[in-house]
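As written, the chain order gives the labels A, B, C and D, with residue 1 at the start of each chain.
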Amino acid sequence: MTFPAPLTGVVPPVCTPLTPDGEVDVPSLLRLVDHLVEGGVHGLFLLGSTSEAAFLTDRQRRRVVEAVAGHVAGQLPVLAGAIDMTTPRVLDHVASVTAAGAQAVVVTAPFYTRTHPAEIARHYRRVAAGSPVPVLAYDIPLAVHAKLPAELVLELAADGVLAGLKDSSGDLGGFRDLVTGTRLRPETTGFSLLTGSELIVDSALALGADGAVPGLANVDPHGYVRLYRCGRAGDWDGARAEQERLCALFGMVRAGDPGRMGGGSSALGAFKAALHLRGVIDCPATAEPQVPLSPEETERVGKFLAGAGLL
Amino acid sequence: MTFPAPLTGVVPPVCTPLTPDGEVDVPSLLRLVDHLVEGGVHGLFLLGSTSEAAFLTDRQRRRVVEAVAGHVAGQLPVLAGAIDMTTPRVLDHVASVTAAGAQAVVVTAPFYTRTHPAEIARHYRRVAAGSPVPVLAYDIPLAVHAKLPAELVLELAADGVLAGLKDSSGDLGGFRDLVTGTRLRPETTGFSLLTGSELIVDSALALGADGAVPGLANVDPHGYVRLYRCGRAGDWDGARAEQERLCALFGMVRAGDPGRMGGGSSALGAFKAALHLRGVIDCPATAEPQVPLSPEETERVGKFLAGAGLL
Amino acid sequence: MTFPAPLTGVVPPVCTPLTPDGEVDVPSLLRLVDHLVEGGVHGLFLLGSTSEAAFLTDRQRRRVVEAVAGHVAGQLPVLAGAIDMTTPRVLDHVASVTAAGAQAVVVTAPFYTRTHPAEIARHYRRVAAGSPVPVLAYDIPLAVHAKLPAELVLELAADGVLAGLKDSSGDLGGFRDLVTGTRLRPETTGFSLLTGSELIVDSALALGADGAVPGLANVDPHGYVRLYRCGRAGDWDGARAEQERLCALFGMVRAGDPGRMGGGSSALGAFKAALHLRGVIDCPATAEPQVPLSPEETERVGKFLAGAGLL
Amino acid sequence: MTFPAPLTGVVPPVCTPLTPDGEVDVPSLLRLVDHLVEGGVHGLFLLGSTSEAAFLTDRQRRRVVEAVAGHVAGQLPVLAGAIDMTTPRVLDHVASVTAAGAQAVVVTAPFYTRTHPAEIARHYRRVAAGSPVPVLAYDIPLAVHAKLPAELVLELAADGVLAGLKDSSGDLGGFRDLVTGTRLRPETTGFSLLTGSELIVDSALALGADGAVPGLANVDPHGYVRLYRCGRAGDWDGARAEQERLCALFGMVRAGDPGRMGGGSSALGAFKAALHLRGVIDCPATAEPQVPLSPEETERVGKFLAGAGLL
């Protein structure tokens, strides 16, 4: 299977179900993948932030990719995050996930170290030179504390270094700069612009996004696929209605008490609780050191599901 | 050898010499270790930020610890960083570096993920439970974008979770809170408080630090050892004079052009250039994606060495 | 004239033309106002960030409001910023600008001081209690280093404390939370939600914004009014086309060399240079300590105008 | 009286006592000044952050300076903050506070606006050109979100633009760069380097500070004066002991519940509660929108006073 250029549609960052003792729960993972494929998604993004890539050991990361790539067997594109601090470490992950079957890799700017734009450019150029598959940039300032400059992304796109970008910056104005910027440069044809937002997928599609990578699509793939199809058909009222339903559902990410846990524990805990309540995965556990949701907080998640007609 | 409680003295974060093609240069590394031991240092901290731990692959990290632990053979304490994003990944590094001979591990707060104090506490408790050796906390907000709260550190010290702390926050007032806080809690006896600053080691010693972990001690271990001895002897004028000499030398970290590279590339590049110019290591290369110093910038480093009487 | 509830349409943050020696150039200001009114705008926002409110003395601020309010004489709503650090100082500005004729005031969260959500709530409640006219919140995290929490805004809207919000946070997902949140609370009827973005006005209108406050509307009011009308008519293709033309024009904000000046000097300098090149104002000077554009940088602004068919 | 060059010693940022309805309580203010003068302080800094300058109206600011300058009548130097966003507004404050009797002004980097180092330099040059009295820089990144670069401060010192600096950045290593930097440049003779820290005054004096501007000196001026005298006499053990006593007392700044209020409300509330409990001022009120301490929180402040032997 050739990797699509551009990649389009709904490409969920797939959650990684865990057993109560913190191991990858492969049967649950494959059930989740089936749930997504039946929901009509257009690709799978493994080992992203929503997948708890930052919490998985190297062995677990490989296990995830092997299991999913083997299971879907080329039915739809499988991307994998190669999330680590710097070039040499990222290249190790690239080798590992592509050996395990990933058809593209998704790479952030360097983190932990202080990073200059010249170093970000160097990073992507070295990673792409060492990767057997296309490289997509992952713009996630909340995690890496740097925003990818639009001019740099366009330059790397034009040079064939990057095949696409997942934008988790929340900055739709900057995303639009990329959309119009690629339109003006013929060398960037096939570059894939994906929004990482859950809340403004209709807006992103309307201004030219190729697709979306919403964490909440784990819980409700059908909803995001309907939304995508409305957008492609130019039915913006339908897209907005579907998006607003999903925004209400997204309220579940605040189920966890902010006095007891961070926003990540709460959001990932809610997604997994929802998948557990919907019967997709066996156990809602999140990886250490995340704080688990209490029974009461899990009940709150259930109310969001009920409100969206998903229980 | 029992790990000292508290660990005291000068404990340099040992640079990791690389070959021109990016591999660990073990002979240079061992020459650097000899240079430090001859300089009188009291311990070695491998795989810290100055060691480019963020840039080394897992294989390279293990290689560094094996080589150095074998070489010093218990003459002085060897600590190793277990720098990674979250608990499960850190525990993998702890297993690896202790198998390779590290006598203590140094661990930051979680990063990449958004982190709540409750999650930081949970992280250190889990890591300590899974570590065969003492765990020191590494407070480095510039890298992990969270400051370890003093109350949390004192609680973890009192509970025997943490054996010490390396403070690279630059916040001497907060460090003093720890010094006086541990003095008031008998359960924290033996807790080691080390400053990570290059510039105010005399101040930190005067207010009660047990020791220092200055990156610049790679270049001039004798200077920091003299400074430490002055402090221990209560010769604060001598300590200040030595510290000021070292502050002038530290100016080398700004050798790199800020238009071309970040502060990390410049500082680590300068330390390695200085070690190369002093004949300690074979090659001044830094890891990707850091930008190398130009010949002109290297010349600037040489002038700092000359000014400090080290060439 | 009753202040509209909600306020809708294009409400430019009016630039403040200055003489070469830094005084308010009233004739130019009134010509600018005429240019905006002829362009079809629906209200005028004086003393916002684009108006250089942060740079104007109290006397100059009052002069601006008096001149404009007198000139437009109730033809369209006149809002004025009451931009200062804390409640007592803001209340002084509220008294001054309403005495001068402002029909609503626009107020940020406290700044300079470290601010807790409870203090932000208290601030708006005290300001509203002391204001003879409606109070709109101004969410501008880049300036005040705090984001107004959506729940807090909705609570203050429901309590009648706030009459609207200008969102300059760039976070369209958060803005949508306000749009849907007000829809669910009947007590908030009449609350006005305005985007402060130049780049995604079409997106904001599509998801339910009442209007826009784009700095670039100083330069091209006709364009933003056309865009608004397309949106109101449900012509989203037309809105997008107009928006993309305006996005290209907005590139002028990067006319200034980032090695010589900050982004504010460049953007405000470009808007004023464009107004000067279009013959609307007499002098493109910006207030101290902003760095003026060079002739070459001004030429770049001219090219953007030419490209957009405005010269 | 000539303004001392350099200004040395303990120069408290004087609290501004308020009446229950938020007006300046002049009799209490003058009693506070007498308490400080009797405590042996070497100067008075009015309208700083601890003085709640950010919360006082222009009229109140002027009232404070007039009352105090008239009262001390040249016995000791009186400095006043001219805290505002940009050059023109700061110049208005400079005119006002010098007319009211201030012998020097203290000025931060611009805030609210995004600021480039070139604009900071321009700001100080314009302010100094328009000021009839010496200008000291106020480095307070927590409030203005920019750190004054050491090289820039040294350049402005050498050019006679700045007469000194109050460092509230918490970065003692950077402060040391200024101490040694001024020593190397004869043109900077007389430049005054003051630490704004409460917690490391002994450290700052030991490395060459001219004096200190600690908010806590409102509560215990005698303590800081003893500490300063120990430092000047080279009695570093005595200085440390006094400093540690003051550090324990400083714990009062955490008296306020962080769930109910920000750190500023808590710290300023504690200082004023302490002054009230010590009988120096009539009312512990802080300005809006700060949250007042509860009776229980005030009791906590009392315990810190008792612990330090001040009740």
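Throughout what follows, a contact is a pair of C-beta atoms (placed from the backbone, for glycine too) under 8 Å apart; a residue touches a chain by one contact, two chains touch by 3 or more.
Here the structure is a predicted model, which is why all the values come from computation and not from measurement.
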{"item": "Chain B to chain C, fewest steps along touching chains", "value": "2"}
{"item": "Self-contact between copies chain A and chain B, residue sets same or different by half", "value": "same"}
{"item": "Of all other chains, the one whose Cα centre sits farthest from chain A", "value": "D"}
{"item": "Geometric centre distance via CA averages, chain D-chain B, whole Å", "value": "35"}
{"item": "Inter-chain centre distance, chain A versus chain D - centres from mean C-alpha coordinates, in Å", "value": "49"}
{"item": "Residue numbers of chain D (touch at least two other chains)", "value": "none"}
{"item": "Those chain pairs that satisfy the touch definition", "value": "A-B, A-C, B-D, C-D"}
{"item": "Residues on chain D engaged by chain B in the complex (per definition of touch)", "value": "170-173, 176-177, 180, 197-200, 202-203, 206-207, 236, 240, 244, 247-248"}
{"item": "Chain A residues within the chain B interface of the complex", "value": "22, 49, 54-58, 60, 83, 85-89, 92, 110-116, 118-120, 122-123, 126, 142-145, 260-265, 287-291"}
